[in-house]
Amino acid sequence: MPDISVTIGMQQAWLLPAMPVVAFLIISFFRKLLPREGDFLAIIGMLGILLVTLFIIVDFQGFFHDGEFHPGEANVYAFDWVRISADNFLFLIEFSTYIDAISIVMLIAISIVGLMVAIYSTGYMQGEDRYGWYFAVLSLFVAAMLLLVTSGSLVWMYLAWEGVGLASYLLIGHYWERQSAAEAAKKAFITTRVGDVGLLIGIILLWKATGSFDIQTIIAAATSGQIGETYLTVAMLALFAGAVGKSAQFPLHVWLPDAMEGPTPASALIHAATMVVAGVYLIARFSPVYEVVLVARDVILYTGLLTAFLAASMGLVASDIKRVLAFSTISQLGFMFVALGVGAVGAAMFHVLTHAFFKALLFLGSGSVIHATGRQEVEYLGGLRHKQPITAATFIIGSLALAGIPIFAGFWSKDEILHAVSSYASPFVYIVLAGTALLTAIYTTRLVLLTFFGDPRDRSAFDHAHESPSSMTLPLLLLGLLATVSGFFVFDAVGNLFGFSGGIGYLVYLHHPHSFHIDWAFASVATVSSLTGVIIGWVYWHGGAERAIKARTWSPDLHALLVNRYYLDELYQGIINRVVLGLAGIVAWFDKKIVNETGVDGGAQFIGYFGYRLKFLQTGKIPNYALGIAAGILVLSVMVLARA
Amino acid sequence: MTENDGYFLIALIVLPLLSAVCLMIIPSKERTLIVGLTAISSLVMFFVSVYVFMAYSFDGSTFQGVKSYPWVENIGLLGENGISLKVGIDGVTASLVLLTGIVVLPGTWVSWKIQHRLKDFFILFYILTAGVYGVFVLLDLFFWFLAYETALLPMYLLIAVWGSTRKEYGAMKLMMMLMAGSIPIFAAIFALFAEVGLGTFDMEVLLSASKDEDFQKIFFPLVVIGCGTLGAMFPFHSWSPDGHAAAPTAVSMVHAGVLMKVGAFGIVRLGAQMMPEGALFWGPALVALGITAALYGAISALRQTDMKMLMGFSSVSHMGYVFVGLGTMNVIGMTGAVLQMTAHGLMTALFFLLIGAMYDQSHNRDLPNFSGLAKQMPIWSVFFVFASLASLGLPGLSGFIAEVHIFIGAFRSYPIVGGLAVLTAAITTTYLMRALAQSFFGEANPKWDSLNEMTWIERSGAAVLVAAILLLGLWPSPWIDRIAPSLSQIPGLMM
Amino acid sequence: MTDIFGQTLNLNYGLLLPEIVLLLSSMLVIGVDAFKRQLKVSGNVPVGLALSGLLVALALSILQVNVDEDFARLVQIDSFTSFFRILFIAITLVIIVGSHEYIEKSVSHVGEFYGLLLLATVGAMLMASARELLTAYLAIELLSFSLYIAVSLARSDQRSGEASLKYVLLGGVASASLLYGLSMIYGVTGATQYHEISAVLSAGDTGLTTPLLLGLVLIIVGLGFKASAVPFHMWTPDAYEGAPIPVTAFLSATSKAATIALLLRWFGGPLLPIASDWQFILSGLAVATMVVGNLVALQQVNIKRLLAYSSIGQMGYMLMAIVAVGSGYASDATSAVLVHLAGYIITNLLVFISVTHFFNQTGQEEINSFKGLAQSNPYLALMITAGLFSLAGMPLLVGFFTKFILFQAVVSAGHLGLVTIAVVASTVSLYYYLMVIRQMYLYEPEDGTEQWKLSLTGYLTTLTLFVSLVVFGLWGTPLYAAADAAASMF
Amino acid sequence: MIPIEYFLTLGAILFGLGLFGVLSRRSAILILMAVELMLAGVSINFIAFASYLDTDAFSGLIFALFVITVAAAEVGLALGIVLRLFRERRTSNVDEASDMRW
Amino acid sequence: MLKRIPLPAQFDRIIIGGGITVGAIGVPLGIVLVTLVAFGVISAPEMVFFVAAIIVILGALGCVLLPNIVHAALSLTATLIGVAALYLLLMSEFLALVQVLVYGGGVVLLLLFGLMMTNAQDDPVVTDGSQKPFAFLLVSLLIGTFITLLLSGDWGNPTAHVVPFELFGERLFREFALPIIIVAVLLDVAITGALVNVHTASNDLPEESE
């Protein structure tokens, strides 16, 4: 092992994106020639990533001393990508990699979930059109995502940022024959790109202030107070705009529920575990800077809070199994941003990790259900635990993790967030967040009950259903395991067991390493609220779910509001149709009528008309012509007379 | 680049002209011969262009590969070296020469399927090509302008004879507007000659000669208006959508891909390099016009349904970035502008190639008429999506690297403009994605079941462009290392 | 001076040999033609005689290129004269060779026609060489008289007589104006020799400024008529339309060039000291001419009328250059005018000879009768296209080069405004040239139109002109050098 | 002695009247006559200048002589054309010779 | 007696009109002029000038105003003769003679001949809008401008001098040899022109078969 660790370490982080890129290229060009359209290449790529990630973790461990990580320069691999130099002036865009603890958390999530999803997909996508293409794009996505989390340069991070967006676009639109998929892909791309406008502006603003794209340089400059506070606030808010788009925070969250048009494993990887947490990653990376600009941090906090609550409430009524999970994802991302907003970077990253496992698990489980029944509306499912025991069991584990039931991974991370909030901000934030946790437990319970318990509501689908093949259940089981135990990683003992001196907790606590501790008071409150949620869910939705239907009539307006997602999609659509396209119509009209017909054609016609009038001076009659001459003489002689 | 490489520059002008002359001699019936000749000549031009680009390396001198032959001197107004056939390139033109080589190659290939008077088409097409190369490599103002107009000369017939839809209108409008655009250039050239008063059109001499500041302030806007017309600058862009909509595939490719860049390049060479003080003075106005064009084109494009009209307005928008970059008058923005010329040239050529490949079969370009085209033409659709991504500035493709330089350049002096420019990129995304979602995805319309996939020739052509887009997008330093040092020679340029 | 017999004569007639040869051959042509039947000579003899006369005269002119002498203080044989002599003889040569089929077919009185063309050439040559007002005036009249008649020689075409009448009556008015102006110049300066006039005018105030100005106005009117300057241009389209096409070509080439030569001789010579008095008049005329000529041309449907208006526009550019002659750029501007003139003439002849051949074949001269020419005769279509593009000043062709030089000269003399108008007008002109090109290339020929070919002489002349169009377009040095040598005396 | 201005004024008047004739008459022959009037005015100018100003050479006189000759020749030439027009159209009204216009 | 002479009616009118004109305008003017001379206001040559000028102007007016073409032609003759008289006043006898010969004899005869050939009687009446008023206004302004311009010049106070025939001839042929040649050619051209136009008809006939 030491031999290899010398050759493969943080310096070789570029291998991470390189391997799946190679897979992508080979599959996309030669998939027709390869057996199984080259899916094994994607899996090999993922395995390689996992391996390299492990090496990197080992290497990274070596830089832990004095209670802190000091990877420093040894970590950076760089070459000049763009270089413009003149006297006293250097404009440099480097390609560089930089690994820190935050990256490593992301790497773990990506490599494990990526591998699981790839294996799962071989079963799930079996026999589909564009099977190979799917794996190619999956590889592309992983490559971009890895580049995103390892890049030390903002420009390359932005490149990867857009790259994951592209992969997301391609995967959402994988079933492009469905108009809805095409529309969803478009919506996702455009919405995230609106956020990216902010991101790019933020990057450029930071460059303008520091003259560098290197993240460490920028952080150093910003924390040392070189940049004016207002300027920095604007720049950091602009960065956050990018995070809002990518991580589906209010008000740009609208694309994520629609993104469920894509293949379910892809949703598991992209729209649950990895890509959507890119925003969290970004803010976490810049967390030292956000320590300085508190206004921006408050914005993050309240955005996250609002998103968490709104998404959870929408999750209560959603009927599509994947959409419920999507709303849950949005909500959980909100939790992470709340954590970032209060400065609890470690808590946020911890939640990123656990969430990646249990949410991927849930998505893959839902995929298994959909694969088996061909239906994804919960109203038409039910009782599936008999038909799909493994799926049901793992799904329930995932749900318990999501709901925050103790022992399961989600409990620890969510508790950490609640704890951080309680110690930091006003009680209001804590109350809303705890309430959201309650809501989470409610809709999670609802989902599980409607899908796996009760009587089957669509008999034919139920009869049709069967347990999924092992290629799908195996990842489920593995992820179920992780969803159960990953919460324990933060305990020092566990860390030491795995050979991490000081525990894995140090990985996620980048700047203020402290051992994970649990405040049992808060923990019990969280536990109680989660259990209450589960009970409420049970009461309403077990069996025939009459209460739930009654509740619907209790406040139809509220129900409609939630089902229609607060009418935000309609609002946006209205803005696009009325305002944007209206403006475009005005501009197009202006171009057609004023610039083109009046300006250009009109000008030409005017000249032509002038010629047309003038030609009638040519009467064909000699005396008229002579009159012209005489008039010419008169005019000229009067002119000279006037001059003389 | 050694002085003897100047012969390659001359070859770039002579080759297409020679091809045109050879074509004149070949009887029209000999299609194979015509195809063979054009294949060879386009390939040779491509490789010479690549060689010229590779051979150029910045060594501190403004122009390289300079070869000069006295043409008319010591006669009348003209003194020593009055008019000379002088070639030479700097980093800007090196990259534009390469662009031309890349675009003309597939342009030639896709034209082989023309049935109607193929020979005449190629004669005119190569005259156009010679003109474009001439503008880039010639260093004598007389020959420069000659080449400039030569590039416009065949446009009318190329569009009006081989075009489609409102071809007569489009051709006439394009021709007249572009010729009208050359009026101020004409005036500026004359004035420059008279102002310097050395009796020479040698651009190197004119560049280094001192020019009155007021003179520069008066004539820089003329150059901008004139060259801006060819570069489809708002409000002189009106020919662009109609002209592109009417033009045949290869002509659209070369015109949008290269000829529009000739306009923007004119602003660099005649404007910024010749009259730096004027450029500094008028920079803000150019930026304002550029950003207006960028937004205006993008917003107009939202409402277009004809694919080529869409591309026309898209070009207006993208060229708007170029003018923003040029107007910033700092080295990053201007480098970005030149990169954007190349990037937009490649990307728009790809677009027009693809649209042409489909239009030849369907005779319909109206987006709402299509749906689910990806079913009938999957490879074509992949290319189209790729082109769209390049157009909307996806990082890793050519558009991004250019745009990011322009944005940065703009932000340095005009943060609001920079912000608007970034916003324009989002609008670009919107109209392209709308088009894709509407016409390329969704359920296939059985009406178009008869459409066939692109031919292998078209695929190869598209592949050449795709490769170039990727190369520029992922590894831009060969371009930047040539462009930026040359531009930083402009006196008074902000770093 | 001794003649060939070794005897001394008062005057050196050798200097005028080209003119004399042309005079004699014209007499011979007319005579032989009149007695064709009696002499039993074939129809080709007159044209042969005319051509040989022209060739001999050309050879003699070339021999005298380096001469700089005067004949009886009336004409000056110098480089300027030689330039125009060669130019005029070449024009006549090209017109006769290029359109002799047309002449045989569509001109009445063929012999007289050739004779008149030769005499007109003599008149034009004398206009360029005169150094004295009376000689110049008579040379103008010689050219004009020949053309009055030549215009009327189209066979079975009523328009011909009408054109001739318009030309002759208005020409009379114009020459009366010119004479009145000349009388004023004479009255003020007391001289008719150019150099004496120049001496008197540059000596300073004669106290007779206003009569002098009146004289200037009337001279400009008279010459403006010949040069088709607006508003004295109105005869031009009608005369062009009614005349036989070779005569139209001659009108647009020799007649215009001779007028320009005369204008240069006068305004660059005797009248140069009072440049500020005539510059503004000429600028006004130039602007009006460029604008009106090109605008009205937009609306024409007859190719000859179109070319008439086009040549009016072209004269505007040259008038503009004469303004520049007055701005202290006499030599440069003159060489620029000369080079533009030469280029314009090459181009114009190409167009006219092509149109002549088209008319021979089809009998049509409407623009829309050119429909589909690119298919029925691609060669001719190419020739016409090249010619029209060159007229519009498009590159690769001589028109671009000469216009560039011309405009540059005017700008260098400080008249950027004029040039801007000229460039705009020139852009407008492209539109109507394109309208012709459109007919040829965009549309299918009428049903039943077959492919046809030119005659051998047709190919010969058009190809020669085309080649010089392209060669001078790309390598204008010889042309410009010749023009510069011719302008060296200014 | 008679001042030269008298002659010049008369010349101008004659020239003007001739021009008026050209403008107002419709018969080709009358227009020709009017042109002769203009030329007569010019001749007066020339001869007046020659007699009054020019003490040495007589260019003006000779000029006038040639003007008279040319005028005569022009009349002959133009009459021929008028006759042709008359034969073709049975009129010498110049207004009717306006087939070509615009 | 008068009636018996078979003259065309026009001649009556000419003679009567001429008589009236001379009587009504010439006699009073003559009296005025003679009186002015007698009182020394104007010199004798001036009186002659005025007489001639009046004839010239009246003739010119007649030429451009008289509706009858023959009358106009005769007025023209009067003008030209008057001009010849002015030449005499200017002491150039030779040109006066030439004027009378060429114009009075040749040109006017030619014109009358032309009139007969074209059967012209009266100047055609313009139906589609006469430009006479314009012409009148324009020409009045023009003459005014011309005279203003001419008279604002300082002509000095020169005197006329006689030109001897010998000197004139010598100069003509010595110094102006070329113009004489040109004029000869010019006349040749004019003759040719007249010929070809008159012969057009016969030439336009289809060629005889050979």
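For reference, chains read A, B, C, D and E in written order, and residue numbers begin at 1 within each chain.
In this section, a residue touches a chain if its C-beta (ideal position, glycine included) is under 8 Å from a C-beta of that chain, and two chains touch if they have at least 3 such contacts.
Since we're looking at a predicted model, the values are computed, not measured.
Colleague: Moving only to chains each one touches, count the minimum steps from chain A until you reach chain B.
Modeller: 1
Colleague: If you take the chains that touch chain B and keep only those that also touch chain C, what is left?
Modeller: The shared contacts of chain B and chain C, listed by label, come to A.
Colleague: Using the contact definition given at the top, which chains are in touch with both chain D and chain E?
Modeller: A, C
Colleague: Between which chains do we find the greatest number of C-beta pairs in contact?
Modeller: If you count contacting C-beta pairs, the leading pair is D-E.
Colleague: Farthest from chain D by Cα centre, which chain is it? Let me know.
Modeller: A
Colleague: Computing the C-alpha centre of each chain, which chain sits at the greatest distance from chain E?
Modeller: Following the centroid criterion, the farthest chain would be A.
Colleague: When you take the mean of every protein CA atom shown, which chain's own CA mean is nearest to it?
Modeller: Given all protein C-alpha atoms shown, the central chain works out to be B.
Colleague: Suppose each chain is reduced to the average of its Cα coordinates; what separation in Å results between chain A and chain C?
Modeller: Centres of chain A and chain C (C-alpha means) sit 78 Å apart.
Colleague: Quick one: report the Å distance separating chain A from chain E, using the average Cα coordinate of each chain.
Modeller: 104
Colleague: For chain B versus chain D, what separation do you get between their C-alpha means, in angstrom?
Modeller: For chain B versus chain D, the centre distance works out to 63 Å.
Colleague: Let me have the rounded angstrom distance from the C-alpha centre of chain A over to the C-alpha centre of chain D, please.
Modeller: The mean C-alpha positions of chain A and chain D differ by 96 Å.
Colleague: Of all residues in chain C, which are in touch with two or more distinct other chains?
Modeller: Within chain C, the residues that touch at least two other chains are 134, 138, 141, 145, 148-149, 152, 161, 164-166, 169, 173, 177, 209-211, 213-214, 237-238, 299, 431.
Colleague: What positions in chain B touch 2 or more of the other chains?
Modeller: Those would be 176.
Colleague: Can you list the chain D residues in contact with two or more other chains?
Modeller: If we look for residues of chain D contacting two or more partner chains, we find 8, 15, 18-19, 22-26, 28, 31-32, 48, 53, 57, 62, 66, 70, 73-74, 77, 81-82, 84, 94-95, 97-102.
Colleague: For this structure, give each pair of chains that are touching.
Modeller: Pairs flagged as touching, ordered by label: A-B, A-C, A-D, A-E, B-C, C-D, C-E, D-E.
Colleague: Applying the document's contact rule, which stretches of chain D touch chain A when the two form their complex?
Modeller: 19, 22-26, 28, 31, 94-95, 97-102
Colleague: Residue numbers of chain D touching chain C in their complex, please.
Modeller: Going through chain D, the ones touching chain C are 8, 11, 15, 18-19, 22, 28, 31-32, 35, 38-39, 41-42, 45-46, 48-49, 53-54, 57, 59-60, 62-63, 66-67, 70, 73-74, 77-78, 81-82, 84-85, 88-89, 94, 97-102.
Colleague: Would you pull the chain A residues touching chain D in the complex into a rising list?
Modeller: 615-616, 618-623, 626-627, 630, 633
Colleague: Flag every residue of chain C that touches chain D in the complex, lowest number first.
Modeller: So the residues of chain C in touch with chain D come to 133-134, 137-138, 141, 145, 148-149, 152, 158-159, 161-166, 168-169, 172-173, 175-177, 179-180, 182-184, 186-187, 190-192, 211, 237-238, 241-242, 299.
Colleague: If you look only at chain E, which of its residues touch chain A in the complex?
Modeller: 131, 134-135, 138-139, 141-142, 145-146, 148-149, 152
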